[in-house]
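What follows is subunit A paired twice: with subunit B in the first complex and subunit C in the second.
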Partner chain A sequence: MKRVLIVDDAAFMRMAIKNILQKNNFEVVGEAENGLVGVKKYLELQPDLVTMDITMPEMTGLDALKQIRKLDSNANVVMVSAMGQESMVKDSIINGAKSFIVKPFKEDHVLQTLNKVLGL
Partner chain B sequence: MPVTYENESMLEIYIFEASQSLDQMEQIIMKSEREGTFGEEAVNEIFRFMHTIKGSSAMMMFHNITTIAHTMEDIFFFLREKRPQILDYSTLSDLVLDGVDFMKVEVNKIKNHDAPDGNPEDLVMRLKAYLDEILTTVNTGEDKAAEPETVSEKDSVCESEGLEVQPSAAVLDSGGEGAPEPPLKPRKDSKKKKSVQSYKAKLYFQDGCEMEHLRAYGVVHDLTELAEEMFYCPQNILEEDGTAETIRNQGFELFIRTTATMEELQARIEKTVFLEQLILGHADQPEFEPHCMHQDDIHWIPAVTEKEARENAASGNSVSDTQLPLNGNSVSDTQLQSAVKEQPAGSQSMISVNVEKLDGLMNLVGELVIAEAMVTQNPEVLALESDQFQKASRQLHKITTDLQDMVMSIRMVPLSTTFIKMHRIVRDMSKKLNKQVVLDMAGEETEVDKNIIERISDPLMHLIRNAIDHGIEDEAERLEKGKDKIGRISLEAKNAGSDVLIILRDDGRGLSKEKILAKARANGLLTKPEHEMSDREIYNLILLPGFSTKEQVTEFSGRGVGMDVVAKNLEEVGGAVHIESAYGQGTTMTLKIPLTLAIIEGMNIRVGSSRFTIPITSIKESFKPAAKDCHKDPDHNEMVMVRGKSYPILRMHQHFHIEKTETVLADGILIMVEDEDKEICLFADELLGQQQVVVKALPHYIKSMKKILGLAGCTLLGDGSISLILDVSGLAGLRVR
Partner chain C sequence: MKAEYINTFIEAAQSVMSMVCGVEAKLGKVHLRNSPYAVNQVIIMIGVIGKIKGQVWFELSVDTAKNIASVMMGGMPVEEFDEISRSAVSEMGNMIMGNTSTLFANQSVNIDITPPSLLTGEKIELSNKISTIVVPLEMEGLGIFSINVAAEEVN
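And then the complex of A and B:
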């Protein structure tokens, strides 16, 4: 089972993603409510993939992405973005994000993205 | 109209988070308004809150809320980016608070399983108008208009010239066949020896995947390391969001010169998420109508450019928000630890728990306490006289008690959340009535059972409205009286035994006894000669239904349904309202509420074969009366003399219609109980002993059949028998007017 870390400041979003993942044979090994905690947990948990919200306090998703990619050049990070955040998504791609999910998302979008990124 | 949702737990968390965000936003806005400035942090926080609410509401399909949140997010995005000078904070605050109120109302509807059917149109118009206003004031100096350029599809689609087509290479779909492959060589060695080939690719993305231009860019980015040169169309995918639409309709075209094989290229591109269709072939043998220019006109972009762009972006601005060092390859764990310690409030090691689950837990623990007593107090077991058993049962008792204390403490919630809501009331009322009022608070960390806290919020709000509306005079009058022009209201909470006191003081005009009596007289509410009434009794008249001394009913208070509802709410949780006032100087309202409804220290008594429990806090003393002290008053009510004072007697067996009891006063026992300032003596057969009991409400079918005066609930005693808990206030009211 692939191990996923969910990083988002909204508990609602974390639960939404978690529900989808757990129903579909992914293991949610951790959650983080901002980029800083996200990087910390990445180090601790070494997940197979990270879902990363873009807008967060303390440290944004983009900065956390950069940190994680610096620590692990093979890190699979999928950004979670809203419409209107195109420039941040672009920066994320440039900085190594494997793909992105756009809110509000449907279950099959999330699954397709994660499966593709993980080569499943 | 009730609505059901598929996923109750998602709904719960949505409601919880949204409510919290809205409350926090309210505080930030009011604070900013008071300080006269919307600072960078405040703007950022509000933006994030709106962004989060927009996201969650969109997922839950609450479109009204999403729309308002989105519009407000736009405003705060603009404020964040442009930092314009806002001169009219008052208008902005009002507008934003209106938005918050709208969303609060909708969330409340959702909470009550009603449809969130509010109409956001007016509010959206006002918000957009405000945004337009601040946009134009900022843009007068700028060259561009604030509107993004509309991308006409013609611009980004290059003209097709139609190459001569010799279809030979196979068309490769996402599941198609491969072309005959050139011998594979590992890319590492002698890249220069390997021949560079030109390929064309056309990509279509799945419907509805959004941001197709960025997905296309993702492909470009990924292929950069493989490519000697690349060209793609539409070209301006990074600059123009409108290219997403172009790609949706016409696909994305890519020309690449690379030493990679077609298979490698295909495999690489097929990793793209939401790829619907890939057409890949050698560039000199086009399989499809090219949209872009003739091959000769292609300006190859050396892939180096892409690599450079990536490196530039990566090193450019990564220092800004982080507290972590960028030198070296790794961030030490300790550095992260210390950076992480400062977590935002509300994301500490706390979890939110469904109150129903807590109630369930409390119930179970209550039953455990009873079951434990039934085992350890069992006469047959006690007869064994075993030391081992005694030891074990003491241990069990200790653990059970600790468990009970812990569960009780979990339900305790500080009053601060309730108190903080009052700021909004004060702000709104002061604005509307044009009175300057300041609210001081103390003791808000005092904790109260969660069930009770919800019941005092409304009464408290009403009392504060009253204080500002009726109590605090307007500025002119205050100055005339020699008072400070700013009115002061203070809210204080403190523990007092097994109760919590919430004291609300104002320095307004105070209550006028004459006016109160006059109104009571006019409404026929007086039951006692006026001169016999104590101050306290006079003030308490305002708690009666249908009472009001304000000449007109204002928007906020004075309809005469307020104070009596306050009193009733308090009584229902076993509390009371206490009023004190000094005419001309101010009024003090004291709300007394029990710490918890769940457990009381009780004295068990027997009347016939029935058991009753009296809350210890209500008992003054108990005694066996002497016949000579008992007498009757002129109305034939039984009384007893205690230390020179006469107290009414209430025979329990008569009130509750119990037979086979003691009837001679000297043969039973009198228990003097008090409620507020009423004291009576209850006549029972015997005292059974003191015990901590878990209060259970009377079952619904009993309560609904008949209102039984004098009963507050029931409990199970250690021997398994049921005991009815007495409502002293109700009983005392029978005898004392």
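And then the complex of A and C:
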């Protein structure tokens, strides 16, 4: 079972992504409410994949991505963005994000994206 | 601000409401209000900068907010307007404004938005320097969700 860390400042989004993943044979090993906690939990939990919101307090998703990729150049990070954040998504891909999901998202698109990143 | 820009907010909101809640949002009478004025129990406020500068807030009752949160959570009953349901409704505001900024970008009108702030209370009164355009949207079976735009175009 692939292990996922969810990083998002919105409790509702963490719940929505967790529900999709748990219904579909993923294990949600941790959640973080900002990028700083996300980086700490990445080190602690060593997940197979991270879903990372872009706009967060304390540390943005882009900065957290950069930190995680410095620690682990093989890290699988999928950015979760609201529409209208195209330039931030582009910056994230340049900095090593493997893919992105745009809100509002559909369950099958989330699964397709994560499965593709994980090579499933 | 050009009057036709309001159509972009309406289109974005109706699209997100349809995608997220699966409901049609019927447009009510668009009108102006001057401050100070009393607003409904739940406000989701988002700042806008760029070609259009000011604030946009979404205004609804607690009951409508609970209804929307329930639908967003797959029909789970929402008895209290708690942390998760507040987060759900805030996120809907965020998605509407994200969609709005994409639609504006397609018209070469570039804006950036702030994360949402949620305010709740009774007898909240708002004042601002810019007249507010109010767009009521009736979400089928859920209640009225009004878009308030207090913004000006930057030349």
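By our rule, the second predicted complex is superposed on the first by the 120 of 120 C-alpha atoms of A that agree within 3 Å, B and C clash if a C-alpha of one lies under 4 Å from a C-alpha of the other, contacts with A are read in each partner's own complex, and residues count from 1 in each chain.
By definition in this document, a residue touches a chain if its C-beta (ideal position, glycine included) is under 8 Å from a C-beta of that chain, and two chains touch if they have at least 3 such contacts.
These numbers come from a predicted model, not from an experiment.
Q: Does the superposition put A:N95 against subunit B (first), subunit C (second), both, or neither?
A: Only subunit B is touched by A:N95; subunit C is not.
Q: Return first, second, both or neither, reflecting whether A:V117 touches subunit B, subunit C, both chains, or no partner chain.
A: Once the two structures are laid over each other on A, A:V117 reaches subunit B alone.
Q: Spot which of subunit B and subunit C makes contact with more residues of subunit A, would you?
A: B
Q: Considering only the touch criterion stated at the top, classify A:E107 as touching first (subunit B), second (subunit C), both, or neither.
A: A:E107: touches no partner chain.
Q: Touching A:T55, do we find subunit B (first), subunit C (second), both, or neither?
A: In the superposition, A:T55 touches subunit B and subunit C alike.
Q: Is A:L36 touching the first partner subunit B, the second partner subunit C, both, or neither of them?
A: first
Q: Classify the contacts of A:Q67 with the two partner chains as first (subunit B alone), second (subunit C alone), both, or neither.
A: So A:Q67 only meets subunit B here.
Q: Across the two complexes, find the residues of subunit A that touch subunit B and also touch subunit C.
A: 9-13, 15-16, 19, 55, 57, 81-83, 86, 103-104
Q: Flag every residue of subunit A that touches subunit C in the complex, lowest number first.
A: The contact residues of subunit A facing subunit C are 9-13, 15-16, 19, 55, 57, 81-86, 103-104.
Q: In the complex of these two chains, what residues of subunit C are touching subunit A?
A: 16, 19-20, 69, 72-74, 83-85, 87-88, 90-91, 94-95, 97-102, 105, 113, 115
Q: So in the complex, which bits of subunit A are touching subunit B?
A: 9-13, 15-16, 19, 33-34, 36-37, 39-40, 43, 55-60, 63, 66-67, 70-71, 81-83, 86, 89-91, 93-95, 99-100, 102-105, 109, 112-113, 116-117, 119
Q: Once bound in the complex, which stretches of subunit B touch subunit A?
A: Answer in residue numbers: 7, 9-10, 13-14, 16-17, 44-45, 48, 51-52, 54-56, 58-59, 209-211, 213-215, 217-218, 221, 238, 241, 271-274, 309-310, 313-314, 318, 320-324, 326, 329-331, 333, 336-337, 339-340, 343-344, 347.
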